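In the two assemblies presented below, chain A is common to both, partnered first by chain B and then by chain C.
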Partner chain A sequence: MRMSKVVRTAADILFPFVLIFGFYIVVHGHLTPGGGFQGGAVIATAIVLLIAAYGYDAIARRITKDALRNTEALGLIAFIATALVALALGAGFFYNWLAGTGLLFGMPVGFGPNPGDLNTGGTIPLMNLAVGIEVLGALSLIVLYMLSGTQEAA
Partner chain B sequence: MIVFAAHALVVAGLVIAALLVYRFRDLLSAAIAFGVFSFLLSLEFYILQAPDVAIAEAGIGAGLTTAIYTIAVRGTQRWEETEE
Partner chain C sequence: MIGDFVIQHAPALLIAVPMLAAFATPLVGRLGGAARNAWVLAAMAATSVIGVMLAYDVYTTGTLIYTFGAAAPDAAVPMDSGGIPVRIIFTVDAMSAFMVIITAISGFAVLLYSMASESRASGRDGFYALYLLLIVGILGMVCTGDLFNFFVFLEIASLAGAALVAFRIDKGVAVEAGLKYAVISTIGGLFILFAIALLYGQYDALNIAVIASRMQFTVLDEIALVLLLSALAMKAGAVPMHFWTPDAYSMAPSSITALLVVASQASLYGVFRVVFTLYSVTLDYAVIGWIVIVLGVLSMFVGVTMALVQKDVKRLMAYHAVSQTGYMLLGLGVGLAVLGQPAALESFGLVAMEGGIFHIINHAMYKGLLFLTAGAIIYRTGARSLDKLGGLGHSMKWTMVFFIIGALAIAGVPPFNGFASKLLIYESVFLFNPILSIIAMVVSILTLASFVKVFHAIFMGPRQPEYAEVEEAPVPMLIGMGVLAAVVIAFGFAPQLVVDAIVAPAAAALANQGSYIAAVLGGV
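Our next item is the complex of A and B:
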């Protein structure tokens, strides 16, 4: 079920912007409103936009259910692994072992009111990324499964 | 004053959209009305200074839930059966 050329062109133009906005929400989760769940939902909305414009068959050839299921599992594993590394380092579960170390996302937070530095937060941006990957896989998977169910019935 | 007027409009729209979801016998129209309800609800969250929840509501409620309901209506039947 393909939509008209107008809808497909509009979806083509909108898709990268929605995608970038979703990734912006995920990556800036520790600075601005939003986070992993919200950004993942926005990215899943972009995929649903493509499905609505191009139909299930054209999308299911490129984005398979297995790939989305692996995406979801990868996000969950990354989330738990980030928390487990803290245990391996001798601290508590979910301990923020990257904060203040000067490594990735490890810069100290500036004092007082400031616009915010992306390179802060320790493990929180990593966990936001993991949750974003997980949610984008899971929500797209739900829509694909709903569509494949109705496809067999019709 | 303008903020109060916008707030009142959004709440009134919320009530109207919720009543429409209840009244529609055409389930596709009800799904679209639910999308409008979710959109207004996300505006309401933004006015109440919860932009975090507003983004989640706009993505999940207005985007994905409407799509899922539309797919469900396509898979089953469009009109609600009247009870005798």
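Our next item is the complex of A and C:
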């Protein structure tokens, strides 16, 4: 069921901003309130917004349950793989092998009060990203399943 | 080389392997059912092997700790933390290792069985992913040395368990049972979370060893103890909080029921960990010991009397599971009641604890076996009422043999394993209080009577016309049952070996709080 043109245009304009806001919450998880779960949930609401504007059928054709299921599994595997890399490097499971190495997210944390540097945290931002991907897939999947049940009545 | 690596990281791999496999199962499922089954079986086999290696290591070298996120896993207390183990630590002592062995054996045997028993169901990718997550939950609960982490794994096990109970929607009946299980588990989980908050607020720590070493037993601690005990006893299915077990156990697929028994034992492990390790010396042993004993006797008696009148074969077995849990509580309760008296502990307390702990593994094996035979019967006939079944001894001979083994074991008839552990309990509890021992024996006799009835109703009599087409259960189901039956018989023939090798160290580990604390904090 499509909503009016006003609603659809508003959804079109809002959609990228919701995505960017969600992504912001995910990658700043180690600096500000939020993180993978919260950011992933925000991104999933972007999909809910599209469904509200364009109707279940139009969106479910573009974003399939299979794709979302893959996204979910991929996020989960990325999460645990990040933890497993530590084992390969000879440290304990979940060891933060990126922190302080100077690589991606690997800058040392500044001493004392500071505004926070995105390029710190080691594996924590990576795991936030993985959780973000997982939650985005899983929550969208739940929404799709809930709405597919109500389709016949609509 | 690879063996050393596995040994060094065994506690982490024990969780990581099934978790990774569970997450990948939906993707592997795309390759087809055979690939998925092979993947899941391989993952479970690897988990079981790691579990047994870990247990062997713990039994030979003593309590093992594993610090997550540390550069060196055995460094529990970081240099700059002021002597507080801030990280999540797995503390695997002999008791934990014992529970890991149970999970390793049952998990693998039941998975093999489910390959055939669930072959007609749809949505098996999800089924096996949840199965592996349930294994993760159980293994995490019994290995962790961190209270909050215990709660997390308890929730993983509860959620996976609830979803699996509801797996066969069954016109909504199974979903109702699953929902009930989920609600009960959530209430229990909230109790535990609240208790953890009470302890954390007072002692600034979540590590069991740290809290145990600082325990003051204030009024708040008493409240936390009540919350922990009642929630965990509820999850373990002890009377009077047993009401969820018949529904959940009977509506779940039989393979899952056999695993839920192990999950309940993990909660029982939580009860013992709380009273023996977390509180231990601060408790009034006699009072708490008698509370556990009364819980146990109530469970034994109410469970078996409720079982006698059941007509549904799985409901009946579920009530027997409640009843058998009572034996474990009785044995450990007697041990707890005399923990402060070295002479009594030496003469019968430790033996009672050994009996109770031995009964945990025996129960997981024969009760799992019985649920699996019930599942095979339901799989072949589609009927579960004792009034309808009959004459199956003609066509399902192996299933009948396995049922006899399980039934005699649960009734405590020699030479099966149930007799071995029950004898330990009878003898030691008799020295503590003869009446308790007599109640335990009466319950065993009632159990035997109940299973004679079930055996007669299902297998005896002439071949029934409506079951003329019934065949023996498929081979994977028979192998799954055979593994458990072999363990039942082996433990029954050589109980002393088993007690000396794995049960006595577990009992000693529970009784000795100091060594648990020292393993984490060092010194002492």
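In this section, the second predicted complex is superposed on the first by the 151 of 154 C-alpha atoms of A that agree within 3 Å, B and C clash if a C-alpha of one lies under 4 Å from a C-alpha of the other, contacts with A are read in each partner's own complex, and residues count from 1 in each chain.
The definition used in the following text is that a residue touches a chain if its C-beta (ideal position, glycine included) is under 8 Å from a C-beta of that chain, and two chains touch if they have at least 3 such contacts.
Please read these numbers as outputs of a predicted model, since none were measured by experiment.
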Which partner chains sit in contact with A:Gly35 here, chain B, chain C, both or neither? Use first/second/both/neither. first
Is A:Ile25 touching the first partner chain B, the second partner chain C, both, or neither of them? first
Quick one: is A:Ile63 in contact with chain B, with chain C, with both, or with neither? Answer first, second, both or neither. neither
Of the partners chain B and chain C, which touch A:Val7 in the superposed model: first, second, both, neither? neither
Based on the superposed arrangement, let me know which partner A:Phe94 touches: chain B (first), chain C (second), both, or neither? second
Could you tell me if A:Ala83 is touching chain B, chain C, both of them or neither one (first, second, both, neither)? second
Counting only touches as set out at the top, which of chain B and chain C does A:Ala73 meet: first, second, both, neither? second
Touch list for chain B against partner chain A, complex: 51-52, 54-56, 59-60, 63-64, 67-68, 71-72, 74-75
Chain B-facing residues of chain A, complex: 25, 33-35, 37-38, 41-42, 44-45, 48, 51-52, 139, 142-143, 146-147, 149-150, 153-154
Quick check: in the complex, which residue numbers of chain A touch chain C? 69-70, 72-74, 76-77, 80-81, 83-84, 87, 91-96
So in the complex, the part of chain C that touches chain A is made up of which residues? 9, 12-13, 16, 19-20, 23-24, 26-27, 66-73
